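As written, the chain order gives the labels A, B, C and D, with residue 1 at the start of each chain.
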Amino acid sequence: MTTSTSLLYWRIQNVRNRGLWWLFAVVAAFIALYVYLFPGLLSTGGISKFSQNWFPLALVSMAQAVLMLAGGISLSIGATVSLGGVIAATLLAGPLGVAGGSAVVLLVGAATGLASGWIVVRLGLPAIVVTLAASFIIAGWALLIMPRPGGAVPAWFSDLLAGNTPVALGLLVLVVLLWKLYLATPLGLSLYAAGENPVGAYRSGAPVDLSRIAAYGLSGLLCAAAGLFVAAQTGAGDPVIGNAFTLNSIAAAVLGGVGFLGGRGTMRGALAGSLLLSIMISVMFFLGLPPVAQYVAQGLIIVVAVALPEIAAMRRPRT
Amino acid sequence: MTSPTERFAAARWQAVLRSRPMLTVAMVALAWIGASFFQPGFGGWRHLRYLLELAAIVGLVSIGQTLVVVAGGIDLSVGAIVTVSAIGVPLVTWLADPTGTAPALFILLCATLIGALNGLGIALLRVHPMIMTLAMATFLQGVLILIAGGSAISAQNAVLSWLGNARPGGISASVLLWLLASAIALWLLHKTPFGARLFALGTNPLATSLSGIGVRSTTIAVYAISGFTAGLAGALVLGVNGQGYVGIGDSYLLASIASVVLGGTSILGGRGTYAGTIPGAILLVTITALITMLNASAGWRNILFGTLIMALLLLSGRERQRR
Amino acid sequence: AANCIKGDRKPPYTIGWANIYSVPTWMKETQGTIEKEVDALKAKGLVSKLVVTDAQGDANTQIQQIQSMIDANVDAIILIAGSSSAPARVLAAACAKGIAIMNFDSLVDTDQVTAKINTDSAQWGAQAATWLIDAMGGKGNIIVLNGPAGVSVSDDRRKGATPVLAAHPDIKILTETNTAYNVAPAQEAVTNLLFANQQIDGILSLGGALSAGAINALDKEGRPMVPITGENARQFLEMWKSKNLKAWATMQPNWLGAFATYAAVQALQGKDVPAFVKIPLPVISNANVGEYLAKAGDFPADGYIYSPYSDGLFDQLLAQK
Amino acid sequence: MTQDAIVAARSISRSFFSNRVLNDVSITLRAGTIHALLGENGAGKSTLIGILSGALAPDAGDIDIDGVRHAAVRPAIARAAGIAVVQQELSLTSQLSIAENVGMGALPRRLGLIDYSALMRRAHEVCALVGLEQDLARPVGDLPLGQQQLVEIAKALFRKPRVLILDEPTSSLSAHEAANLMAVLRRLRDAGTAVLYISHRLNEVLALCEWVTVLKDGVVTADRSLGGVDAQGLVRLMVGREPGDLFPRWTPSAEPAPIIAVEGLSAGMVRDVAMTIRRGEVLGVGGLVGQGQEDLLLGLYGAIPAVAGRAEFNGVVGLPRSVPQANARGLAYVPADRKREGLHLIHSIAWNLMIPSFGRAPSLAMRRTASERERAIALADRLGIKGDLTREVQALSGGNQQKVALAKWLPSDPPVLLLNDPTRGVDVDTKREIYALLRRFAAEGRAVVLLSSDTPELVNLCDRVAVMRAGRLVRVLERTELSEEAIVSAAMESAVPGAAA
């Protein structure tokens, strides 16, 4: 009995890969192509640099996926990354030091997320517009703190996170482990229930509101962490650097099979989606595509990658 | 058996007054009256007329956006379509026509086709609208690299510059165009089976499909309409500015979504009316104008704008949680 | 030798052009000058290939693309930065590998590049303000039109104008705006400001196509034209002529791209290149606006009419200390 | 058998927007008793249990739990007192596994984390109890509706309830699963659990319950022991007048020529089915839950991809490729899951009734409010949908929602009606109306395909019954061989080679 019971967790995990194999295959194919075009990728330096460029997108994709799983969405991802970055570049070299400064960044990120979450969940406003309005407010704060790019991050910290060692990859693994740990708590698992069937989940006694607000908090935290990393990676702060992350995070999550209606998708899918987006940039460069072709190819790849499993699902008999 | 009045509770005039669109109208009136007190020059007829002209363009884009949102989707490519249209008209020089009607119609056709292509991807490939239209916007950026700066020898387009600048009887031609388009949009949405299909689709696509409504054709049609109205707005933008350039349509994406939401249409689909979007668009340009007039730093202007939108949402956008 | 250059790279060179956003017309014209220069250098056997990236406006993507250029071991990177801070560290890595880095237009706050090439933004702001105050007779109400917020070029130009304006207490700034360097948003902002401010005596417009938008606004509301500054946008220059404006313009010449390419090859060949090549601001005034407009047909309708350039001019610029 | 009251509600009243749904209702649930709560659709049953379980607050009245008085029960109090509810509407999360769903809201934990071994062990127990033999790691969304209902029941049992409230738990279960469930409930009762059982299947109530409370328009009209009450008496209690027969008398009217004939049909989990449907007959489709019955209907309706060796529909060769095409050939489909598949909940009753005609009418034809109203009223009258038709459908009780889902197809006079459990959750009176309606359809020369989990319905109403198992059609029982036993044994037959256990 015990052997089969302790395996339940892993069997569930395995079932959840279903529908993602094709995506993993596409990602693997892109990685193979990348390695073929640039064999240096397989060195420590190559992996380090690549994972550093992927890391912030991976974090914001997780931030978006958490919300989409909870039946929400955020359009303030980019602004929160920027805010995190400018606070980091203001504080890290100051009296609070790296540890204190980082703590403030993460706290501010979580607080902005919790505030949006509270408004969405408690006041019953649609997430997409609340976070749109929030994005203006957050971006405004970033501009007030730093009207133009500047500030500084201690060089040792930059070298630690974004030097020639794969620290970023290690951090990503850590974040994924923490996420698995979170999902293994009743609060974390309730996320799926709250996202898909909030009424049913509430009646079952799942902490619906709490888990949804917590999702916003986590999301803000992840965005601020991405901002902190970008500040370290670039050595400074920039009040508008995060803008592109908003739409990219949605694209990554959806590529990874996370649905808009809540409760559908997995974090591993969102991560694979972000990896695909990130790899695409480098692969298109090494293929020597001109910018026109880059835009067209990017649009096509995203549409095809999202459409493929849908079409496959239509053909597959229901079980 | 039973009398119609018993089975159909009459809509009371109090209910109409308390409806979302009326609420938005009230907010516009409040904003205008308040601003006229605090900002000399704001409440003049000429300024209000100018705000209506700005709102006309936003409003035209929002026609498609409202229909799409009612049908449970969203169109993130409207900004790119506005740009393509504003840049495209002067480029179709082979359609020589002194009135400029032929090139304008041709570009409207292209815009409609782009929209239909969105619809095809969403209906047939089952790509989520947000992704499909986002990818379309990216794709159109690629197209713009090819045609932008392509020596648009802007032969002035007579029809469009009349639409963009004329004020017959003191009322702007663009506003008249908007009125006409609004009437058609309201008729389409509330008085035709097509409009009813949009509401059905936005409420429950599965039940809609099982009820024998052609979900695919409806989807394709509604995105085509959105392409058309965005194209029309782009043509008008060209008329107003006398020239199109890359990026001219960018601001209309968020503006169209914001005015739809401020007008009380549910972003989740299935509920709403263009009658709310009209004051929504006016409200949005009014807020933007007010904030422009303030002498504040960019950061504060952003914060103020976000806070105002959030506050207005609390008034007009309360959404019963549903699924 | 110039900064970053190790002297181990032999022609023909591979040039990487790390663009931030290739869609706008200004960028397209700039790319045109780069391609033309590359063709000329190819003919001389100095360049073998031009690789182009487009970061789609995203500074993070640009970092990744520069990293790819390093991985592909290009010999030179010419760069318009998406952020004045973000690419600093990846550029340091490129510099360490002996890649010639020519940064122009939007600059990066780092000295780990071979050279920065630009007009002086602060000087731009100061000169524009000086001319405007002069044209207004030293007093009156103005509005200030800035480029987008949070971007150093726009911030620098405004900062350059600040001391000049402060020195003239009779000049009153009614209000300022930040918009993208485009016609429509400027027109909308100025129109709204016109209604709020009955007396406007001058417009300090700090670049891009903002001035054309402002003139459109004045024109449509039937307000008198006022002294205005601006940039070399074709539409603005055409209005200037047709409405007989009192105006002043300078430019960010598109041939900065060609020059950066040229300078990169020079540096790779061991020539000394100054760390900062300051491009004198070409001034367009009522005296010479006709000359520019005579060439208008060679430029896109929504484009920028830039001053002529030649290798001779480039050599001269490189020779300055 | 003990008689201790665990929950006693007194003088409960509750209104929704000035519409009084419960009026001075009292009910007592005792340990070791299975207590039936009956009433017509919209009588207030679900509202009452919502109040007992803390999902809703009463406007007036109070509730004693274990002798402690509460003005309103909060969900936490109800949970702590061991009150568990199997809701009428599913409360499941489709992407989570069966085990996680069963445990949701009461997950066993160790060091703050979910204890998956304990979850596995206990979920396994309760699933075995309700007869759900599935891999517990499977996502619930994979299961057919009937099995999801079993998960829902297992979820309630998982909480080891002292008071178990079931709101129409068997509405989509077949006779076999229902019998299984009743055995479980009897065992729980014997162990001292108080059970409150809501069902519109009166034979179940008679077989199972000892006590009954009847609600009518929000008022208690009976609260008594079921001893000595027979089926007729039960109906009399509910509707307050002499009941007629539940099933109409009818004579076979089937024409020999089929209106639909398919061979080698495969769709979803349906494999290689050959069948004919004749004008003038009611063809039943039965079997255990989730054996492909629904996919059969959807495949015929063009709603899921289907292939067939040979197919003829109403004279046209080939399967319909889409729903509008199926409609054009005269098919109409009424889904089982009315909320998800049948209705547009946030819109009015009248509007819902018009939807199929919106699909048929030319896109830009002018809609006429007056004629739409007339048609809506006529339809509502025909199926006995009472009250203001501008109300949102979501405010209707389950049974009335079902009527709307069926009524909307009537104006198009479809020659073939595909019905997926049309009486699920419908009260006896309405059932009677629907049955009469179905036979009338048949008599008019229409074909009705009736997928039903309610076996008596199949026996008494159908000309023939097709029994499915594992996606295949295993038997077609002719009228002469029809009986509940015959259907159940055909459904359970393991003679079919290759059929899964």
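Odds and ends about this structure:
Assume a contact is a pair of C-beta atoms (placed from the backbone, for glycine too) under 8 Å apart; a residue touches a chain by one contact, two chains touch by 3 or more.
By chain, with names taken from UniProt: A = Autoinducer 2 import system permease protein LsrD; B = Ribose ABC transporter permease; D = Ribose/galactose/methyl galactoside import ATP-binding protein 3.
This is a predicted model, so every value here is computed, not measured.
Put simply, the chain farthest from chain D by mean CA position is C. Rounded to a whole number, the gap between the C-alpha centres of chain A and chain B is 31 angstrom. Averaged C-alpha coordinates put the centre of chain A at 41 Å from the centre of chain D. Once the centre of each chain is set as its mean CA position, chain C and chain D turn out to be 70 Å apart. Averaged Cα coordinates give chain B a centre that lies 43 Å from the centre of chain D. Contact of a single residue of chain B with at least two other chains is seen at positions 138, 141, 145, 297-299, 301-302.
Within chain C, residues 22, 56, 149-150 each touch two or more of the remaining chains. Residue positions of chain D in touch with at least two other chains are not found. Checking each pair of chains for touch leaves A-B, A-C, A-D, B-C, B-D. Residues of chain C that touch chain A in their complex: 19, 22, 51-54, 56-61, 63-65, 67-69, 71-72, 83-89, 109, 148-152, 155.
Against chain B, the residues of chain C that register as touching in their complex are 22-25, 28-29, 56, 149-150, 173-178, 180, 182-185, 187-189, 191-193, 195-198, 209, 213, 216, 220-221, 235, 299-303.
Those residues of chain B that touch chain A in the shared complex are 121, 125-128, 130-132, 134-136, 138-139, 141-142, 145-146, 254, 257-258, 261, 266-268, 297-307, 309-310, 313-314, 317-321, 323.
On the chain D side of its complex with chain B, the touching residues are 301, 303, 322-324, 326-327, 332-333, 335, 340-347, 350-351, 354-367, 373-374, 376-377, 380-381, 387-390, 408. Every residue of chain D that touches chain A in the complex is listed here, in rising order: 53, 55, 75-76, 79, 85, 87, 89-97, 99-100, 104-107, 109, 112-114, 116-121, 124, 135-139, 142, 155, 266-269, 295, 304-305.
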